[in-house]
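Here come two complexes built around chain A, the first alongside chain B, the second alongside chain C.
The block that comes next holds the complex of A and B.
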């Protein structure tokens, strides 16, 4: 019988968020093409509205509630995917808000900028649903390639070039390593579907070394993406050289996409082989939080400080992976670890974007991100100083700001597993929270307890869109801190629909 | 009336926040508005406290009253549970009272760099944290309130403090955070081992049955770190002298009067009722550290040349008595401990107030440069003398009832604890009272007696201001009243303490 090619049945509702984003992309190109130079501001508006509009189908899918599986399971829309898609879209919207004046003032290419931004976001939303090695890889490249370009957007700036080049070279290297790992895993299991891979490698014992190398390479590839130590070296330079809105975007959305991929690959594909990945994640988590924090202690530039702090934060997000397999099934098993990672990502997005938004607002006046330039901020811009205080102390995990709950769920996961390794990691995390407080508090100290340099006390004007971004982040940070139930439910719902 | 009762505790906790929000919306230039709003807010909160005092059923002081139980974080089964019993009530009302008095005292005593708006907002946020800690009956809620006080105190010390304020502020912050991070791990361990709940009452009922003894001891260790740093117990006390010396007067008063009590309260409310067996195992060590703290604090006092630092070290010693009372695990000892908390709050709070006013007038607290306060400002001098007497435990004043019963309790510790050991502690603690008399009288002598030193001989020293009268009178009255009628407080705490020790067979 000759092979029959069936056209796959496409569920357009499941694809609706991505379709909306593609439409946004087309409109963006069109607006950029037709409008004169002075009309280019419209591109920011279009991007913002487009992203918000894309949230609508995410919500309708959530209300609908059913898990949808397309292309033989390669593309799945479940609660996990929806929560992350919503996160990417909202984080993207906030990025557009904080970009608006920066890009318009800086004589950059506005239309192309938003086009790239939305393309990268499209890759991320696809990533949230990708349950197949090929779709994961495609999503990864889709989100990375525009990001390489965005990192070098300040093309007349040497640091900008360095940022882009470093990010690009290491990113491509990571992709290559990962691709090699994927090819090994495919070779052993004979499938690219994560569910099938799981079936194959958890029972196949005859090719242990190959599977091990494959898993290690894939995890290492994503360790680059989430800037885990020792694969973090690109992050500080890239963060410092990239335009600040892009730094915020990379440190939040791009990192979240990396974690989304890790959750899916590890908890679906490699479940049952925790003998290989659990110790790896333990070491990665402990190293990442410790090294990130220790280097952050010595930073004098706020953007670099936030870069290292976000490396350290990634360490906390890696910790649940290290113990996921030890959590008893009646307490949620890997689902509990997934919930912890997602909750952390959601809270982290709000507070980190907020911190960068303040950096941008202050830089409009001081033209500097050096910590010393923040002296006396409380005297001439008390609102911004208080907001910065809220964000950095939230990052430090001080109640009643949202960050405490993020740290709390990680501790909870670690103690839930209850093994010696898990409790040790929890103690490492405790020590790191204290170290981290030191540099976060030093930012607050500079703003509030030091005098302004050269008695520079003119007020800071915050443009409307930046103010809106600050408002969104501040409300999220305060509300989720006082009522963690809101976010906890999202994190708890974000379960992977298709587990082996 | 039931509706009002349900709201009472929530109002007690969040009214200060409402005031703080109102102040945030008021422009910074309107200083008198800020003072009025802050005063009204703290008074309104105190009024809630008085309402609770009147409506409290004193016959059932051992059970939680005015309880609220609403859902908060469902996913982790943590609930919004508030309640007061005989242990919480005096501390809650003390906290409300101190906040009012601090705001009154601040009226014309704003430390540099001034900014009453920010300063008063911080006091109100502190009040929310403190009141919340004393009424929270859920571990996570307790943790959040316990931590809420950190940021305002950090800024209060770091912005309005003395020369080395930044160092003192971050030291305070880091020490406390380290303790509370271990504490939250212990809370989680209790959750997982003790029956998937954070409610203190439920945990007290089931935890000791569900958790193996060795694990209990380990969990208690984490709780101990969290609370002992806050108390602070020797050897975790090193942040305290720095914080006290550098903090502005108001900060020192709140720190001494209330914040330190959060730690001891944690022992009485959480550590002992939930993990009685582990408390038994730890008690000899706690008692030992407590008496070391008593002697060490006293010796530290004798070595100080700065009045505020001396009072700070005396806090270490006095909290040692409180901890000794707790370590005996008897209702006698715990009663003494709760009394000691209140008495120390009033007396040491007063001492810091007076020290602050002395500093305002002499611009120094160097003992070698002070002297002759009784000549320069007789009333303030006598008040200082009164507080020194109260602090050294003179019978008839409140300090006595915190110290003496604690020492007495050590004579006869709970069944299962070594009598010889605790009697040894008792002797050491008794020696401590002699030292206390020594350093307090020495301090009083050097500041108040004699003639003013040459540099101040010609300087005109202002008499007492009205905010000082208003702020101090209630505390002085309470010190006397509690000294003469200790049963006002003991009557309230006895039953509650009994239920805290219920797991140990009701104490002995």
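The block that comes next holds the complex of A and C.
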């Protein structure tokens, strides 16, 4: 008797963004193959158009509004997934914009660069919808493997090699730890679906040690991904050695993907076992904020400073996890924590990409990312200096810039939870905001007060695509700060469709 | 009867292979002996009805991993005589002895305990469809519930291949000359054009 297979129902509309991205990948490979050197200039355009085209189905799915669940719940397209997919695609588009001139000017492989970039984004969009352990793992590898390669794109530069190697080795180690945790959780629950795992582990009291070890390993694995202290050691060297557009990409999109996975795994799969993960996240958040900020204070290189500042920012995003289970239902419960994380991610993406775009624009002239090279920037490039000021003060959380609202949402979540632990964490976060202001403000002071080194005051020429990226980031940072209602709606929308 | 014979033959193959790995003077022989051991284990899997595991054992362990071992051995050179008296890590031998004794002790404890708790029942964690082999069950799951992950993995492999090619390829020595008239983006950056942008950034 031939075996009878039930063909799985496939909703192609739900997959449309991913399909559009795979088509983009194929087109990129073909452009590179057929036109060779003559087609190099086109690859950036193809990648940009492909990413924008992939946003269209995301919008049409959002307009449609219905939650879609495929493969028995392994792949879910809900508002949470759509908001994050849009974030990844737009962040990817901005990365293409800031990469265009950098990659074309240096002697790099261009077609493959954009191929890798779009591949990594494809993994991220899959991650936003993945609701079972296998999909999550495949998505994680798909976003990580191109990222390891991109980090080492400067093949002849020793720091580039170091960046790639450290990122790769620690990333693989984290994947292995996480996979081990997943296998333990699967062994106890008998399912890879997050919803079923939740049923199994929040019900039974047997196998408690196994569940605990499994949860700890999985969270640790993702802590590497989001560069939480003490698993952050790869971040500064990788950020410094990677090509600057990739540093921006890693610190924004890759980190956001890690948080997307954490939100899904923790708030769907492990809800009900907060006795295990809430204290972990508390310690991770407090350590990440404090250590990231204290080391950032001592940096003299702006890229390293932004690297440590992005570590510290991750601490703020981890804070809502620590208190999620304590938020009363009338204040939104776990949904409020999800909203806070997503809101923070959206705002952080705009301001951090913007800061890196300014670094790249200035480096085109000064050839340096040392903070001392920023002296006198306000005098000879007032536009760039003002933009840099907007981005760093937004990162510091000064109203009326967008970063203020991101921090506000996190504080609100912490205070809504109201437990002693939550309030303590809020105090730690406030102290850290003040520390962060020191080093962000020192960048502004350097630009305005200090004279230019060697009195170099030639104009900084900003290429069109880099200017467009700066414009997008600046508009996002200013608009979300002035009208936080815009982003609040997105954050409230971004609820997980399928809760246990 | 057949089961017992299969087990005995496989056990002999495994043990001879394992001893061969340790006692071969030539590392290539050791690696080949390892193949023998892994093959014996695969036979045992078949005897237990775990056909999928048996196939994986042969393809992944006996195939891919040992080939990788051989690559490394060949790259390091088989001709170099092994200097067995040297000790690259200080205290390696005493540590190995301690670990060996501890492992044997653990095994002994397990063996003694097993006599008391062993029920002789076949190990299963989930009820399998007894009508079909586990390969058919796996295939059905792979092409229904996990179809998406399966397809995405195929894309992932393509990405990894492209990445490996990029990383392995040598940079073109005279890249600047080719770039001169490729007509790529029209902006005029003059000297900066071919320098490695921001090499000093680091």
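The criterion applied here is as follows: the second predicted complex is superposed on the first by the 494 of 500 C-alpha atoms of A that agree within 3 Å, B and C clash if a C-alpha of one lies under 4 Å from a C-alpha of the other, contacts with A are read in each partner's own complex, and residues count from 1 in each chain.
Note that contacts are C-beta pairs under 8 Å (C-beta built on N, C-alpha and C of every residue); 3 or more make two chains touch, one makes a residue touch a chain.
Just so you know, these numbers come straight off a predicted model, no measurement behind them.
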item	value
Chain B versus chain C as contact partner of A:37, first or second or both or neither	second
Chain C versus chain B, contacts on chain A by residue	C
First, second, both or neither for A:449, with chain B first and chain C second	first
Contacts of A:489 with chain B and chain C, given as first, second, both or neither	first
Partner chain(s) touched by A:159 [first = chain B, second = chain C, both, neither]	second
Partner chain in contact with A:362 - chain B first, chain C second, else both or neither	neither
First, second, both or neither for A:240, with chain B first and chain C second	second
Which superposed partner A:430 touches (first chain B, second chain C, both, neither)	first
Residue ranges of chain B touching chain A (in the complex, touch as defined)	28, 71-76, 118, 140, 143-144, 147-148, 150-151, 154-155, 158-159, 165-166, 169-170, 173-174, 177-178, 181-182, 184-185, 188-189, 191-192
Chain B contact footprint on chain A (complex, rising order)	382, 389, 393, 398-400, 404-405, 408, 411-412, 415-416, 418, 426-427, 430-431, 433-434, 437-438, 441-442, 444-445, 448-449, 483-485, 488-489, 491-492
Touching residues (chain side chain C, partner chain A) in the complex	125-126, 132, 136, 139-140, 143-149, 152-153, 155-156, 159-160, 162-163, 165-167, 171, 175-176, 178-179, 182-185, 187, 189, 192-202
Chain A to chain C touching residues, read off their complex	3, 5-8, 22, 25, 29, 37-38, 40-41, 70-72, 74-75, 100-102, 104-107, 109, 112, 115-116, 119, 122-123, 126, 134-135, 138-139, 141-142, 145-146, 148-149, 152, 154-157, 159-160, 187, 190, 240-241, 243-244, 303, 360, 363-364, 367-369, 463
